[in-house]
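The same chain A turns up in both complexes below, where it pairs with chain B and then with chain C.
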Partner chain A sequence: MVSNSDRPSNGALATVSRRVIEGVLTAWAAVSLTFFALRLIAGDPVASLLSQGLASPDQVENLRRSLGLDAPLLIQYLKFLSGLFRGDLGTSLYTSRPVGTVIAEQLPATAQLALTGLGFALLIGLTLGVISAWKEETSLGQFAASTAGLATALPVAFTGILGLILYRQILGVMPILGHDVVRRLILPASLLGFASAGAIARVVQASLKETMKGPYILAARARGIGHGFRLLWHALRPALPPVVSLTALEAAFLFAGTVVTETVFSRPGLGRLLVTSILQGDYPIAQGLVALAAMFYTTSHMLADILAFTIDPRLRRVT
Partner chain B sequence: MKLHQIPLLIILSVILVSIATACSIGDEKTSTVVYGLTLSPSGIDPHLNASSELGIPLASVYDTLVFRDPETGVFVPGLSENWSISPDGLKYTFYLRRDVTFHDGTPFNAHAVKANLDYVMNPDHHSQKALFMLGSLQEVEIIDDFTVALHLVEPFAPLLDSLSDVYLGMASPTALETWGPTEYQFHQVGTGPYRFDEYIPNDKITLSRNPDYAWAPSIYRNSTAKIETIVFHFYEDPSTRAIALESGEVDIVGEILPHDANRFAVSSDFNLYPIPIPGQPMQFFFNTHREPTDDVRVRLALMYAVNRPQAVKTIFDVYSPVAQSPFLASSFDLEPQESFPAYDPDTAAALLDESGWKITGHDNIRSLNGVPLELHIVAPSWGSNPEMAQLIQADWEAIGAHVTLEIAPGFGPLKEAQTNGEYHAIGINFFGTDPDLLRSFYTSTGLYNWSGFEDPELDQLLNRASQIPLDLESRLTLYEEFSSRVREEALVLPIRNYVNLVVVSNRIEGLHFSAQGWYPILIDLQMAP
Partner chain C sequence: MRHHLSVFLSIGWLLLVFGMSIVVPMISDTNPRQPVSEPLLSPAQHPPLGTDALGRDVWTRIVHGGRISPGASLVATIITVLVGGIAGLIASSMGGWLDRVIVWLSNSFLAIPGLLLAMLLVAAMGPRLLTVILAVGFGAAPGFVRLSRTVFLQIREQNYVTASIALGANRSWIASHHILPNTKNQLLSLATTHYAWAFMGTTTLTFLGLAGDPSIPEWGVMLNAGRAHIIDAPWLALLPGCAISLTILAVHRLGAWLSEME
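What follows is the complex of A and B.
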């Protein structure tokens, strides 16, 4: 197959459109599963709603009726799906506010945390990965490799509490940034990033070692180019595609990680909203968040594929 | 630009932009107090939502028609200077203060009272608590600008108590009208010592001092607030609360873990306030519809088998009294003459033998007609209930039962487990200052009659007590009779009286709490000299 390397080929387009269809199906499956699973796990929403009110049995049924929760489950599901197609996620059972509005209010805080966290994850992950591949035989390389292992093993629930205990000392290291920035962003984002950095570091290291075996690296070496330069200049770029795919996965993982991080650091955001809405039986909000997460997950995978095509021209020729 | 530099640039710019946005977060002022809330409610409109957490800030944004003295439980004038109750208990007349204005300038009067109660009773507003505190209220009659009458279908003894709680605090009718039930929670307007500035869900609530406040009830020590601004943040993870106090991030926070409280109790930088919360104790209801807990001797045996003082000490340290009655409040102390069965495993064993559950085999499990003694506990996941249920499980196993434990991770699942009915003991408790809440738990048709016990005598006692608003003495007698009946039938295993462990930095003084227990009286806070 002949293709122009400056333009994505039919193969790439086919991959992307397949991804879109897969994405829509995944989102539908996730949303439907959530709809029924929530009702199985979290029980009667009206019971939760009245958990602090002493209603009479008649008053309970009145509330159920006025919220439309007396309709058969299948009818409720179809209503929910048709709403979803019109972009209407319904309203919160507790406040009657549109779910879209409630989510939009919390989104910026989570986006800020997750993006900064992703930045830290890549920064720490790439650094650790390159060092452990470059200085493999030295104690520095060993240290980088074991730090990456530790990062994967320690959950934010643990490092977060540790960070909070030590944060006065941490603040002392970067006093210019001030209390709020360190406490509310740098600390949570770096710990969230740290948790994801381990996986990235390992893939960077493995991928680098693999590409270093390639003939063009040997050619570079023959031209008298040094080891470090070969690694960073010639090997890193072809080593990146698997890292990009992983980063997309990690982005979803980070999104999930914000649940714990937001709770430990008392930050607003979607993670807290999700936990609260499930515990309190506010189904419309929980469903809306899952719909959003499913779309986010599939979109980030699609973007990762497209980015991989951009970084490594070889992929464009493969269908 | 080289292609391979792009990812690095994106990473760096994202970090820098995030830091720059975060830098715009304001810095702290000196007369600001930071108050840590322990859960983030799904909604904070007191007329519509039910979380007890919302009253912590909002009890100081609103005034109520009457207030309740935290020490004596006596009702004192609030927005109503005086009131009268008709002899049949069906008409409450309130004579209102004439000098009160809402934070938005709207005058307070009889029309405002009617607008508030109508807002609560509107079925489209889906009130989750306030509505059920009004009993059979049918009509609010405006007699003149400053006189209002509440007409009931049936007498409802707790009505004054309801009207003294933040859920029925008086909101500006202009603001209710302007914002409506979905957005009012972000724009709350009351007449209280603090104004409502801002609410950002999951992030913060900000209040500022109301300089025009001139109608403080007698239960407040100050006539206007001293602290300029109070900011509330949400610390949902219990282990982060002590850290937040010690790092100076927050000045006051409640629901401190007992093992952290020990540290604060001896610290010179903090003061620890164990605040009793009125209402039901932590408790487990026995299922009277299921073998073997349908037998009162078995229920009694299971009560004797639990070493409650030791269990309470293990989990709550020295801060919680062991519960001795099904209800406790300053004005309605139902602590009986004879206490609930104390720990006595021998009596427990004797009662089980008597009821036919005997150890026959060599596995130390009792049985009756070849059926082993199996018990199933359902415990809510919150408030140390799972830990307590584990200790109960161990105590019951020690007298020859096989005990399984199920944790319900939320109210929905708890209700689900109750509906299934496959439990022998289930944990649930409510807070409140009036014992009428017991009606939901112990009458035949009560929504929370989870013991399943249907008893004409209990029904009659509780319904009667609900209907005599004017005779406190007779009410007390009825509740005492109720209490002995519950003890006699061994319907409930009371564990500990609820105590909220509040810690406050020593840079602040004057902290005390309203009759409801949860709400701090913010007007009386001041900076230590």
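What follows is the complex of A and C.
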């Protein structure tokens, strides 16, 4: 990206299409690495069935043949890739159900949690970041900055359990209306969002401080525009592109965070599915989930870059 | 001075955790894996910290845990720094196609969030504490390749290195005489930051049950076991949770302090 920064590009379309090709290549590489990492390290995925005494040697041999594991690794890889294109991720070792179906069943619960969590992450992150940049010298600003620091440091497993304990204590005193939604969605999503909010807040603060040094901010000040208005109106928009890219990164980490949140709050979803499939040695499900996560990550990252071009037209020229 | 107080407290906490985990097992022979009394006794009934759902002594388990997760994260960090640092050093000093291949490979691995990559590695090797350590160590290596490569390149592009190349120095001489000595402080602070990540990763994976054995006195395992008793015995989750959080905060503070010193 830096190498040819001085060469003028031929328009937004070229920039976007180059970014899409790059994204597809990264996704392909990540998915392939997933496949080879599992096969080369794990060796024979069905051997664990044999060692656990869940299947006889004959059954294992049949399973191996039906899964295509007796074919050379390269053939298996090509089969995996072509299956991925057709949306076929193989079948679960334990239930013999298609991996795609199993994942599709659990997807809505996780999507709901992750999207609500992302909303909370942006809300908390932007608030903390703007406050810590705006009131930098005051104790309120320092409080916001250290809250953001705590948010990144505390593990979701602990904040989740802390939230549950506090919630139970408050609930014991006063029953909240519609507490089922709070217990099942708002509480887990806000704690999940809190974990990502710290990084967002830090980038918002740093980016705002940087843009506040710009000459147009000085010009706005000369026109008699107040500090708060300059910050929120003149500086926030140019400060947003790094925040957008980070949010895309965080969206993928939120997905990883749901693994923990779902365990803490005993919610169903992809995270629970991943943990159980690993514990059971059900490799097609684990492989499918991680491949999906990699594709999701590259897509969201790609969209974020394209969105950044839209917010800040200056970026279109330098890619 | 207020600045340094938090650094002293952080070092103090880490020394306390590590020291206790060595000293206490020498003077007390309570087995952290065996029941000693009735289950779920409060700290008042069974001092100092009560017993867990299987009647095991919580104090002994917490203290023994001071070796497991911090030690496991240390091994994981060493793996990350060695693997990632060597790859970063090779990429930055060789340049050319090898550099591009290493960068491309690590970027592709980075398309999988670190925690998921670690979980994938556990899936491949089977759930055990050892595989958790290896998974956290290798899972963070791609990120470390990128960071260390940037650090190494900053030195490599200095004028005195160019002068040294002009005088006929070869790549390994430059790596050992210019690049490594001038980046060791930065690497140390990067490694410290990574340790915090490794600690978070290790305790998260063990919390998810990926260490396999539920009887080990490990903080993440204990946090998960405490989940079932947040009403009747909340300290079972709060104590290991606080221990994990304090350790992460202390390491973060140390990392920030180290990078301020540069």
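Here, the second predicted complex is superposed on the first by the 254 of 319 C-alpha atoms of A that agree within 3 Å, B and C clash if a C-alpha of one lies under 4 Å from a C-alpha of the other, contacts with A are read in each partner's own complex, and residues count from 1 in each chain.
Simple rule for what comes next: contacts are C-beta pairs under 8 Å (C-beta built on N, C-alpha and C of every residue); 3 or more make two chains touch, one makes a residue touch a chain.
Just so you know, these numbers come straight off a predicted model, no measurement behind them.
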Chain B versus chain C as contact partner of A:G119, first or second or both or neither: first
Chain B versus chain C as contact partner of A:S56, first or second or both or neither: first
First, second, both or neither for A:L279, with chain B first and chain C second: both
Chain A: partner with more touched residues, chain B or chain C: B
Touching partner for A:A37 - first (chain B), second (chain C), both, neither: second
Touched partner set for A:V16, first chain B, second chain C, both or neither: neither
Partner chain in contact with A:L164 - chain B first, chain C second, else both or neither: both
Touched partner set for A:T263, first chain B, second chain C, both or neither: both
First (chain B), second (chain C), both or neither touched by A:A206: neither
Contacts of A:L69 with chain B and chain C, given as first, second, both or neither: neither
Contacts on chain A seen with chain B and repeated with chain C across the two complexes: 41-42, 48, 161, 164-165, 168, 263-264, 277-279, 281
Of all residues in chain A, those that touch chain B in their complex: 41-45, 47-57, 59-60, 62-63, 66-67, 91-97, 102, 105-106, 109, 112, 115-116, 118-120, 122-123, 161, 164-165, 167-168, 177-181, 183-186, 189, 236-237, 240, 262-269, 272-273, 276-282, 310-311
Chain A-facing residues of chain B, complex: 3-4, 7, 11-12, 14-15, 18-19, 21-23, 25, 27, 40, 42-43, 45, 48-52, 123-124, 126-129, 131-133, 181-183, 185, 200-203, 233-237, 239-240, 243-244, 247, 249, 409-416, 419, 430, 437, 439-440, 445, 447-448
Residue ranges of chain C in contact with chain A within the complex: 104-105, 107-109, 111-117, 119-127, 196, 200, 203-204, 207-210, 220, 223-224, 226-227, 230-231, 234, 237-238, 241-242, 244-245, 248-249, 252
List of chain A residues in touch with chain C within their complex: 26-27, 29-30, 33-34, 37-38, 41-42, 48, 149-150, 153-158, 161-162, 164-165, 168, 252-253, 255-256, 259-260, 263-264, 274-275, 277-279, 281, 283, 286-287, 290, 293-294, 297-298, 301
